[in-house]
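Look for chain A in each of the two complexes below; its partner is chain B in the first and chain C in the second.
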Partner chain A sequence: MPRVGNQSSSAVNPGVFALPGEPAFWTFIAADSGLFALLFLQYCLDRASHLQGFIAEQSTLAAGIAVVNTVILVTSSWALAVAVQHASGGDRRLARQLVFTTSALGACFAALKVVEYILEIRAGHSFVAGTFFMYYFIITGIHLVHLLIGVLALTFIGARCVRDSESSRDTVILECGASYWHLIDLLWMFIFPLTYLAR
Partner chain B sequence: MLTSSLKTLRRAWIALAVITLLSFAVAEKFSGPAALETAVVVAAGAVKGRIILVQFMGARMFPAAWRIFFATWLLVNTAVIIGFFTLS
Partner chain C sequence: MTPYEARLVRLSAWSCFLFILLFGVFWGVLGRNIPPYPPDMPAADLAAVYRAHAATLRIGFSVGAVSCAFLATWAIGLFRIMLKIERDGQILSYVQLVGGVLTVIFTTYTCTILLAAAFRPEQDPAQIRMLFDLAWLTLDLGFGVTTMQYIAFGVVAIGDEREKPLFPKWLAWLGIWVSLEFLVEIIMPYFRTGPFSWLGMFPYWLAFFGPFAWMTSVAVWMLKAADRLEAEYASENAPRAPRPQTTI
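Moving on to the complex of A and B:
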C-alpha cells in the first residue's frame, strides 16, 4: 500500500521499511490473523473426526453467491487501494468517493451474505443442522462481523478523514482503515475455498 | 508514477477476479481426485492472498519480521488445510 501524504508514520523517511498506519494497530491485525488460523485448524481437525458428515453437509451448500461475493470483495479492496493512491497523489475528492465505493461494495457483500443465510436456513441448514454448518455459520459469521465493522469504519473515514485539508492523524486513520479492509479480504481468500470449494 | 501504480493495481484486481472464477470452475467441473481439487483451490486462495498482501497492502515495504510473519501465515494455512484434506 502506498503511504499517504508526507506526514504518515511510514513516510517520514520515504523508502524505509515500515508498516502503513499506526504500528500498534498491526498487533491487532496479527492477533486476528492468528485467531482465524486457529479456526481453520480446528475446522480441519473436526472435519477429520466427522468426515462423512462434513462431506454430506458441505455438498448441499450453494457456492454461487459466495463466488459473486468474492468478486465484490476483491473489487472493494482494489477500489480502496486506488483511493489510497489518489489520497497520496493529492486528489482527495476522488479518494473520498472511492472510500465510499468500498463501503457500498462491503454493504453489498453483507446483503448477499444475509440472503445466503436465509436460503440455507430455509433449506433446513441451520446452525444446529450439523457440525459443518455450525462451522460455516461461525467462520463466515465472524468474518461478516469484521466486514460490518469495516463498512462503518470506512464510512466514517470517508466522511471525516479524507478531507481537502490533510492532517497526519487523518492519514494514519486512512492507512489503518485500508489495512483492516485488506485483512478482511485476505481472510476471505482462505474462508472461501475452505468452506465452499474444498472437498 | 501514479499511472503506473494504478495499472499495477488494476492488473492485480483482474488477476484476483480471474483466479476466483477459475477456482470455482475447477470445484464445479473437476472430476479427478478430491485431494487434487482441494490442493488447487486452496493454493489458488494462497496466491490471491499473496497478491492482496503485496499489491494492496504493500507488504514489500513491511519490516522483515512482518514480511516473515505473513509469509508464514500464508504457508501454514495452506499446508494445514491441504494436509488435513489429503490425509483424511
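Moving on to the complex of A and C:
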C-alpha cells in the first residue's frame, strides 16, 4: 500500500518504518492470515491425498468468471491505493469517489461469485458433493464474507471518514480499511491459483 | 475505582483463571472432552465408554457445570472496568456483560446434557449418542452470545482514549478476530469427519483454545487495570495540603 502524506505514522517520524493505519489492527490481519494459511495447508494436504479427484472436479469450475473477478479485485485495490494517496493533502473529493468505486467493484465481485455458486449448484456441485467442492465452497465462502464486510466498511469510511476537512483519525481509519482490503486481495491471489488453476 | 471495588475486580480476574482450570480439568480431562469423541463414532462404542467411565464422567460434568459460574464473575469484573473506559451511554459494557452471562448458560447446560448421558449409562446407546450430539451442537452453536461479548469488549477497548490504554489494543483486535472465527461453527453440522467436524482443527482446536488463551490474557490485564484504576482513585482523593493562612 502506498504511504500517505503528512498524516501517516511514518511521516510523523520520517525515516522510521511504521505500519499503515492503527498498528494494533495488524494483529487482526496477522491472525486472519494465519487462519487462511491453515485452511490452505489443510486444502493442500487433502489435495495431495486425493489428487486425481481434485483435478477432475477442479476442471469443471467456471474459471472465466474467476478471471474476471481477479481483474475486478486488482482494479479495486489499485483504486483504493490511489484514494489513500489523495486522501492526505490531495484531492479529497477524488479520494472519496475512488473509495466508493472500490466498494462498487467489491459488490460486482460478490455478485459474480453468487452467479458462479448458482451455476455450480445447478450442475450438481453442492457443498456436500465431494471433498474438493467442500473446500471450494468453504474457502471462497469465507473469503466472500470477508469481502462483504470490506464493502460495508469501505462504504462507511467513504461516507464518514473521507470528508472535506482532513483529520489524522480519519486517515488512520482509511488506512486500516485499505489494509483490510489489500488482505482480501492478497488472499484471493492464493485462492485463485489453488482452487482454479493448480493441476 | 475504590480499593474495595479494585479488590473485587482482581478477584473476578482470578475467577477467570479458576474457571479455565476447573473447566479444563473436570469437563475436559475427567469428562473426556480433550479431544471429544468423533461424531461418526458408533453409538454402541460411545455408550460403552460412558458405562465404563460413568463415575469420573459424573464428577467431571458436575464440577464443570458449577465452574461456569466463575465465567459470570469474570464478565462482571470486566464490565466494571469497561464502565471506566466507555464514556457515553455505556451500552457496549452492558452488551459484554449480557453476552458473558448468557455464555454461562450455554456452557452449564452443555455440562448437564452430558451429565444426563452419564447419569443412566445403561440406557439405549442411541439415546446416549443423541445426548452427546445435543451437547456438542449446543456448545458449538451457542457462540453468538460470546461473539457479542468479545466484539463489545473489543470496540470499547479500541476506543480507550487514555494515553496508555487499560487494555492493549492488539488484545482487543485479537478478541474480535477470535469471536469471528467462531463463525466456522456454522458449517460444522455438515461434517462428521475431517477438519470441520466438531473435533476438527477449526471448530475445536482453534475455536476452543483460542478463546481460552485470549480470556487468560484479558484477565492478566484486568489485574493491571485494577491496580491503575485504584491508583487513579487514590491520586484524585489524596488530601490536599492546607492553604497557608493569610494575616492582615
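Simple rule for what comes next: the second predicted complex is superposed on the first by the 190 of 199 C-alpha atoms of A that agree within 3 Å, B and C clash if a C-alpha of one lies under 4 Å from a C-alpha of the other, contacts with A are read in each partner's own complex, and residues count from 1 in each chain.
To be clear about the criterion, a contact is a pair of C-beta atoms (placed from the backbone, for glycine too) under 8 Å apart; a residue touches a chain by one contact, two chains touch by 3 or more.
The shown structure was predicted, so the numbers you read here are calculated from the model rather than taken from an experiment.
A.B. asks: Return fit or clash for chain B versus chain C, each positioned on chain A through the superposition.
C.D. replies: Aligned on chain A, chain B and chain C fit with no clash.
A.B. asks: Which holds for A:Asp32: it touches chain B only (first), chain C only (second), both, or neither?
C.D. replies: Touch status of A:Asp32: second partner only.
A.B. asks: Of the two partner chains, chain B (first) and chain C (second), which one does A:Ile138 touch, if any: first, second, both, or neither?
C.D. replies: second
A.B. asks: Pick one for A:Cys44: touches chain B only (first), chain C only (second), both, or neither.
C.D. replies: Once the two structures are laid over each other on A, A:Cys44 reaches chain B alone.
A.B. asks: What is the contact status of A:Ala62 with respect to chain B (first) and chain C (second): first, second, both, or neither?
C.D. replies: Neither chain B nor chain C is touched by A:Ala62.
A.B. asks: Just chain B (first), just chain C (second), both, or neither: which does A:Ala111 touch?
C.D. replies: Neither chain B nor chain C is touched by A:Ala111.
A.B. asks: After the fit on chain A, how big is the angle at chain A between chain B and chain C, using C-alpha centres and going to the nearest 10 degrees?
C.D. replies: Given the fit on chain A C-alpha atoms, the answer is 120 degrees.
A.B. asks: Does chain C touch more residues of chain A than chain B does, or is it the other way round?
C.D. replies: B
A.B. asks: Just to be sure I read the superposition right, which of the two partners does A:Glu22 touch: chain B = first, chain C = second, or both, or neither?
C.D. replies: The second partner, chain C, only.
A.B. asks: For the combined overlay, can you note the least CA distance between chain B and chain C, rounded to whole Å?
C.D. replies: Minimum C-alpha separation, chain B to chain C: 15 Å.
A.B. asks: Looking at chain A, which of its residues have contacts with both chain B and chain C?
C.D. replies: Residues 26 of chain A touch both chain B and chain C.
A.B. asks: Touching chain C in the complex: which residues of chain A?
C.D. replies: 22-28, 31-32, 35, 38-39, 42, 127-128, 134, 138, 142, 145
A.B. asks: If we count contacts the way the header does, which residues on chain A are in touch with chain B in the complex?
C.D. replies: It comes out as residues 1-3, 10, 17-20, 26, 30, 33-34, 37, 40-41, 44-45, 47-48, 51, 63, 67, 70-71, 74-75, 77-78, 80-82, 85-86, 88-89, 179, 182, 185-186, 189-190, 192-194, 196-199.
A.B. asks: Which bits of chain B are touching chain A when the two form their complex?
C.D. replies: 2, 5-6, 9-10, 12-13, 16-17, 20-21, 23-24, 26-28, 34, 37-38, 41-42, 44-46, 48-49, 52-53, 55-58, 61-64, 66, 69-70, 73, 76-77, 80-81, 84-85, 87-88
A.B. asks: Quick one: which bits of chain C touch chain A in the complex? Just the residue numbers, please.
C.D. replies: Going by the criterion above, the answer is residues 158, 168-174, 176-178, 181, 183-184, 187, 190, 195-196, 201-202, 206.
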